[in-house]
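Per-chain residue numbering starts at 1, and chain names A, B and C are given in the order in which the chains are listed.
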C-alpha cells in the first residue's frame, strides 16, 4: 500500500481547542484568586484557600502515584514539617510570615532526600507504609521537641501585626502562586521533554528508560518536588489556621484527602484532580457534619473506585468525549488534515 | 536491673507484635500486597470479642476460640470479595482499595462502639505475675510470648510440610508456574489471608486483655507489624518473629529512657535497620 | 469417527492489540507425539499457552475429547489431564527438588492407569533422587529441565505439552532429555513438542506442524515431509499447505 521509504509529511499537534479554552480559563482563575481581596468576602477567601490547598496536595500525590509510580500514604510529613518551619521562621526568628511561607520550603526538601534514600529500596506497598512511618516519626518528634513547644503546639501571633486586609492580600497572592507552581508546574513538566517518559514510567519503567531518561533520578526529583509542593500547601493552610499542633500538622487525613481526590477524580490527569478536589470540598462542606458516617461513605467510595473505576470520573468522561483541558499527548496529524 | 527488666518486658511485648507481623509477612510473601486494614481488623476482632464477652458472659479463652474462627472467615471473605480483584504487579490498586476500606472500617467501628477505650476482663490473669530471680514476670505476657512462638513455629511447619504450604510457597515463587502445575492461586490466597486474620484473633484477645483498644488504634498496629517484618527480613516467618522482638525491646528500652520516647525509639531502630541492613536481619541480599 | 484427544479449531489469540494466532487448527490423537516447529514469534508458545488457559480464548476453540474447554483456568486444565513443561522451566526457586515435584503430586489430575509416581520419575532421571533435598536453583540447566519434566509428569497428564525443552542445554544433555520421551509416550501420554531444532523435532515425533506468523503453514507425517517443504513453510516461501 505505502512504500516504506517515503515518510508522509506529518505535524505534531500538542494543543487542542478545549486545551486553549481551559488554559485561558485557568489564567483567568489564577488572576481571580490573586485579586480576591478586591471582590471576595473573608469567608469566601477562606474557602478558596482551603480548596486550593486540597488541589495542591492532591496534585502532588497524583504526580507521585499517577506518574512516578510511588504510592505514599505519608505526605502529611511534608505538610507538617513545612508548616512548622514557617511558624518557627515567623514566630521564633522574626522573618516576615509571607516570606517565611516560601523560605520554609527548604524543610520538606531536606526531609525528602533522606526519606527517599531510605525508602526507595522497599517494594511498592512497603514504600507506602514506610512513608507513613516517617510521618509518624515527625509527629512524635515534634511532640517532644521543646523548641516548638512540644505537644502543646504553636500560635502564629505575629499575624496580629497585620490588618485583615493585608493578611487577605498576602494569602490570596500566595494561593495564586501555589496553584501556578503545583498545577501549572505539573502541566509544564508533563509537556516538557520529560513528559513522555513520565507518562510511560508508571506502567512501563523499562520503556521510559529507553526514552533516554534516567528513571530513578526522575523518580527522586519528583519525590522531592512533590514534597515541596505539598509543603507549600501545608504552610499556607496553617498560616490561615494561625495555630499548629503535632496531631493537626501530621494528620493522616491529609493522605486520605489526597487519595480520595485523585482516585475519585481520575489518577494520572490534572483534570481529575480538579474534579476530585471540587467534589471533596463540597462533600466535606455538606456532609462533614455527619462525621463518622460521612467518612465511611468516603472510604467505601475510594474502595469502589480502586475496584471498579481505576480511571476515576475523568477516565469515564474521556471515554465519552475527547476534550482534554490539559492536553499532554502528542498527536500525529496528516499535513493535509 | 532497670535495663534487664526493660529487656524482658520488651521481649514479652515483642510476642504481641509477632502476632501482628506473622500475617503481614505471610500475605506479602505470597501476594506482594500490604493489607492496610491489618491493624483495623485486629481492633474489629477485639471489639467484637469484648462485646461477645459482656453479652454472653464468656471467659477470655472462649472468646479466643470464637475470634480465631471469625478472623479466619473475615480473612477468607476479604480475599474473595476484594483482594482477589486487586492482586497484581501494580501495587496501587491493592493499596488504595485497602486504604479506603481502612478509613471506612475505622469510622464504622466508631459509629458502632464509639471512641471509648475498652478492654477484655481476664478474671485476674492480667494482673498475675511471678518472681524470676530479681524480676517480676507477668503471667499474661509470658502466655503471649509462648503463643507467638508456637504460632510462628506452627506456621513455619505448615509452610514446610503441608500440601497447602507447598502450594503457597510455589505461588510465592512463581504464581503462573504454580497455576500450570495445578494450583488454584485464588484458593491459596484466600487460605493465606484467612490464616493471617485468624492469627489477628489471638492478637485481639491478648491486646484487649493486657491493655485497651479503641477504633482508631488500627494504623499503629499496622505500622508495628510492618516495622517488625522489615527489621526481621522480608519473606521469612522467623524473621518477622525476630523483628517483632527487636521492635518490642526498642520500644521498651526507649520507654525507660523517657516515656515519650518509647514508640519513637521503635521507629528510629526501624529507620536505622533500613539504612544499614535494608534486607533485614534474616534477609538475604 | 472417534474424537481426537485434543483439538483446536480456528484458534485466535491476542496480546492486547497484537493478534498472535490467526485461526490455528491442530489435532492430537491418543499415543501420538506431535511436533510444532517454526521460527521465533511464529506463535508456538502462544498456542500452548492458549491451550493451558494462560491466554483467554473462546470456549469452542479448544476441545478435549470433543468437549469444549477453551479459556478454562490453568489449574482446571491440569485437573483434566493436560500438563505443561513451560518455556524457561519456571521451577519454584527456594524449594527443594522433592518439594517442586510434590506440588505437582498434590494437585495432580485423575490418576492414570500405571500413573507416574515419585519413584518412577526418579527411575527416569536418577540424578534427581540424589539431589532430592537440594534447592532447585543450585541444579544445572539440564537437571532443572528434568525437574520441570518430572513435575509435569506427576500431574498425571494424558497430554503433555513441552515448550522448548532443549533450549539453552548442551547437545549431550538434550540427547539425555529426549531419550526419556519414548518411555513417557509408552506410558500412554500423548505429547506436543515445541522445538526449535527441526531435525530433532522430526526424529522425535510421529507428525509435525510448522507455524509461521500465527498460522499453520505445513502439516504431515514427520517421516514423509521433505526438508525443502519444511524450509518453505518455515520461512514463508510458497505457503505450502498439506
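The rule is simple: a residue touches a chain if its C-beta (ideal position, glycine included) is under 8 Å from a C-beta of that chain, and two chains touch if they have at least 3 such contacts.
The model shown is predicted, which means the values in this text are computed figures rather than measured ones.
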item	value
Higher-contact pair (C-beta pairs counted), B-C versus A-B	A-B
Central chain (by mean CA position)	B
Computed distance of Cα centres, chain C from chain A, in Å	52
Interchain centroid distance [CA atoms averaged], chain B/chain C, Å	44
Distance from the mean Cα position of chain B to that of chain A, given in whole angstrom	33
Residues of chain C defined as touching chain B within the complex	52, 54, 73-75, 78-79, 83-84, 86, 90-95, 99-100, 102-104, 106-109, 151-152, 155
Contact footprint of chain C on chain B as seen in their complex	163, 166-167, 169-170, 173-174, 176-185
Chain A to chain B touching residues, read off their complex	65, 69, 71, 73, 118-119, 121-126, 128-130, 132-134, 136-137, 140-141, 143-144, 252, 256, 259-260, 263, 267, 291-293, 295-307, 310
Chain B - residues contacting chain A, complex	28, 32-34, 36, 82, 85-86, 90-97, 99-108, 110-111, 219, 222-223, 226-227, 230, 234, 258, 260-261, 263-264, 267-268, 270-271, 274-275, 278
